[in-house]
Amino acid sequence: MLLEVKDLNTFYGESHVLQGLSLNVAQGELVALLGRNGMGKSTTLKTIMGLVKSKSGHVIFEGTDITGFPPYKAAQAGIGYVPEERRIFPELSVYDNLLLGIKGGKIKNPNDPNVWTIDRIYSHFPKLKERCNQQGRFLSGGEQQMLAIGRSLMGNPRLLLVDEPTEGLAPIMVQEVRNVLEEINKKAGVSILLVEHNLKVALSLAHRVYLMGKAHIGYQGSVEELRNNQDVRAKYLEV
Amino acid sequence: MMKKTIKPILWLALLVILIFFPKLFGVYYTNVFVTFAIFATYAVAVNVLLGYTGLLSFGHAMFFGAGGYGTALALKHIDGLALMPAIGIGFLAAMLLALVLAPLVTRVSGTAFAMIHLAFGQLFYILALKLRHITGGEDGIGNFPIPAFTIPGLISIPLKGDPVNFYYLAIVIMGLSLWLMWFFTKTPFGQIQVGIRDNEKRIDYLGYKIPQTKAIIYVVSGAFSGLAGCIYGLFHNLVSADGSLGAMISFSPIIAAMVGGVGSFFGPIWGTAVFQVIEELTHRFTDRVELVMGVILILVVMFAPSGITGAVNTMKMKWHAYTASKAKMEKTS
Amino acid sequence: MDPTTSMYVAQGIHGIAYGMVLFLIASGLTIIFGMMGILNLAHAAIFMLSGYFCYQIIAMTGSFWLGLVLAPIGTGIFGIFLERVFMRSIRASGHLGELILTLGLSMVILGLVKVFWGTQSLPMQVPEIIQGMVNLGGLEYPIYRLFIIGMSLVVLVLMVLLLYKTRLGKIVRAAVSDRDMVNALGINIPVVFMLVFGVGCWLAGIAGVAIAPILTVFPGLADQVGMDAFIVVVTGGFGSLAGAFVVSIIFGLLSSYGIQFLSQLAPVLMVIFMAIVLAIRPNGLFGVKE
Amino acid sequence: MNILETKDLHHDFSGLKVLFGINLQIEEGERHAVIGPNGAGKTTLFNTITGTYHPSKGKVFFKGKDITGYKPHKLARIGMGRSFQITSTFTRLTAFQNIRLAILAKHGIRFNLFRHVDKMKDITRETEKMLERVNLINERNVPAGLLSYGKSRALEISMAMATDPELILLDEFAAGMSRDETHNAVALIRKMTEGKTVVIIEHDMDVVFSLADRITVLHYGKILATGKPDDIRDNQDVKDAYLGDLQV
């Protein structure tokens, strides 16, 4: 297993937001984490990343126990994080935003085709190249999303945590972001744990899904199984 | 039940000690106690703002000084002014200053509030030094007349040069001030004030006006700081920039409140007591009061952020938990 | 130049020189505040400490230039020490705790300075090359103040280069807006904090050395100049470098022309200016809402 | 008669548009739920109605009166109360003191500096009655910051109701509660809001369908649908909004 999350318990003050949550992601897999708002999906990603501290439980990445690591150590271990709000640095140019994604400020083997360089990001996201000198705050929502993904790829992560990448985007951009995630997963071989509210996008990408009920995993299975299980969909996703 | 009978006895004992204090401990310690009473009142007045409302002022010396200069100037320039009106003038001077500043300072909070007061405090210090013809500059206003405490036709108690009589005046006024401020925190308004410290937004949504509420607290805090400053000026028969407006005059009540515990009404009084003892000791052995105070401040913030009263409460809770668990153990066995 | 004009010009240059020194102090305060949210009340004491360091280095080696370079570096290292030992442990206790802690630190530094160097004013001689007067189109002007302006400009340019051209600078600018995201990109934020704190103290150190030959070195330096720097930061808007710069220069000019016309009451002008600005904009001239 | 109405309400955060022309109508005496996917603008709508933000365009009417731009304290005084998504009590005051502040506010006792608050018998009695109604009487002397999560949420809700407002807005009152706690909270709200108008924001569909008389669905800052629970459940647009335009 690339990522194993075992029995996480996370609190916000007194509020028990993750109650014994476990999940895993295999090498090369794209796993979707679905569920209604407020169930704890984003908190799960944040806890894995170390942005939120868990009270108990373990996060094991590539066999190393990274529980309680500060975010920068989790990132250095090989996890990339694309947050829900994108969190582009508004004062910095697109180029500089990408630059900060490089670990230690230097790309080790720039000629290795499997290593992400700024040029390689530009070839995947031509729009970013066009706007490379613009400040982050002037980008559209879709471009910010591309930049957020590109920025985390610059750290050459083996696992990408992506939180609601299509939220608030126009349909054409949704499609584009979807395709980018597919490329990253299929062609570049980066494993992805995806939180996504758009079921169509999620199911068209994922190998496996987890459905979250309140603060825990309520259901897991393959995409096919979910498609055929109206009861589960009604219980965890629909109105 | 025990508590109900013990409390009046304790108060009575305190009263007896206060009455016979000068007889028991002599003039030197009587004067030390007057200083303590003044600074305890001042620290409580500062804490009404700091602990109860969460507003940290780095410039309360301006109120302390306003009280002192107000009274001293009045006594110096108005012939035949009686004592109580003179003290009243000091009190009102500080109150007026707070009223004038309130519209500006209640709009900001947190760090900006602290820093604005630092600047204003410094401003008044400089003014006192430079406006020599009014304030006497570095020498200050000294040796102004101090009228006797009189009730016409009844009594006349001379105060100038009589430390014991002055002691009684000071503790009565300071005691009264402390009681008034304590009562203030117990009124419905006092409850709103504590609410502001905990959660300003909610207070707003309950229908209370925030800036007006803050302004009243601010004026109360300033006025009683002024009263303390006024008694301090009378006590030394001297009001000077360094003695009444210096930065340490602004910082010492904060330190006292922090050491004693900002979360409780009486915390600053304990803090002042500790502060006085330390100052007394350090003065005796070194003149590095600042250094010692700085070290204490750092230690308190790092290791006992809720001060003496906080530490005592924690110990109390632990003791209760301990006795409770012990009682349980005995019951089961 | 007739005497009146030359007097105005001279006071103007005086004001700019003082403004630049203020900005050196205020910029460090501002960067630290912007990134870490700490208003470091010990900053003024650190500024003063640098003057003493410089005095000591000159006393030991006889070289002003050595003091000019080494004293700020020493101050920066001292700042790193403070950050590691004190600031880090206090982050959780909120603004009140930070203000009180840094106030305590400033009292301790002041107390220690008095232990080591006493309370008297220590004069500082500058090398002959920057002593004396220079003729500026008919105006006799002290070279040393021009030297201060020049040096401050060099530092300013260096700082702009550092902030806009280096990776560290970009990290700092990014961290001012979103610390956690920078952290999540694999950048060791605690180390960056430490460096920023060090650089901030280094800047204050340069100001301390620059001002020492004019005002001499004495414990009251922290109150006198430091207070002005704090007023600058409050008036300019917490965390805004542009605000700090503009207000520094305004204050420098206010103070030098103020001395000309109001002699005694020049400092009052700054507080009044601050009060007016805050009455209109409670978050400072360039401040954004918290 | 509509107790609350918004007309063409817009709001943006420095250029980022969050609300586009909301026309919300809340009938007197109904329990109304506002639902919608994350980022739909629900809390912003609440904040614009209750005076935290000033709308960039449009108006808010309360009992037919234009209250656009009223500050929170003014709204509280004319009969609008709200609770918060993140518990917002006075953490260092006891449960009793928390409720008492609300009761004092209800009676308009604000700048009273001459009476000892503990000696105001009527206030004490009323506060205790309230504590009993919301099952917090055993926690009377516990500081709000030390209450269990469920209890502190209950306190949060009862503070909004203790001022006896005609219209109560509850923002995700069940957030972070366990099943049982949610169940109790729903029962509490039913009991306490008899005859009042209630607007809730909620994600938990069980809560929404067990409480609401009518539902408004918000999507990308616009009203997608308003209607009875069953109509909303069957509405294709609403389904799409929640699930993406998925055809299974």
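By written order: A, B, C and D. Residues from 1 in each chain.
One rule holds for everything that comes next: a contact is a pair of C-beta atoms (placed from the backbone, for glycine too) under 8 Å apart; a residue touches a chain by one contact, two chains touch by 3 or more.
Just so you know, these numbers come straight off a predicted model, no measurement behind them.
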Legend entry - Shared chain contacts [chain C and chain D, defined touch]: A, B
Legend entry - Furthest chain, CA centroid comparison against chain D: C
Inset, instruction - Going by the contact definition up top, give me the pair of chains with the most C-beta pairs touching. - result: B-C
Inset, instruction - Could you give the separation in Å between the centres of chain A and chain B, each centre being the mean of its C-alpha atoms? - result: 56
Inset, instruction - Report, in whole Å, the distance between the mean C-alpha point of chain B and the mean C-alpha point of chain C. - result: 34
Legend entry - Separation of chain B from chain D, taking each centre as the mean of its C-alpha atoms, in whole Å: 42
Inset, instruction - Give me the residues of chain D that touch two or more other chains. - result: none
Inset, instruction - Determine the shape of the graph in which chains are vertices and touching pairs are edges (line, ring, star, complete, other). - result: ring
Inset, instruction - Let me know each pair of chains that touch one another. - result: A-C, A-D, B-C, B-D
Inset, instruction - Write out the stretch or stretches of chain C touching chain B in their complex. - result: 39, 86, 89-90, 93, 95-97, 99-101, 103-112, 114-115, 223, 227, 230-231, 233-234, 238, 264-265, 267-268, 270-271, 274-275, 278-279, 282-284, 290
Inset, instruction - Would you tell me which residues of chain A are touching chain D in their complex? - result: 12-17, 36-38, 164, 167-168, 197-203, 214, 227, 233, 237-239
Inset, instruction - Enumerate the contact residues on chain C facing chain A in the complex. - result: 167, 170-171, 173-174, 176-178, 180-190
Legend entry - Touching residues (chain side chain A, partner chain C) in the complex: 49, 51, 70-72, 74-76, 81, 83, 87, 89-92, 96-97, 99-101, 103, 105, 151-152, 155
Inset, instruction - Report the residues of chain B in contact with chain C in the complex, numbered from low to high. - result: 54, 56, 58, 104, 107-108, 110-112, 114-116, 118-120, 122-123, 126-127, 130-131, 247, 251, 254, 258, 288, 290-298, 300-302, 305
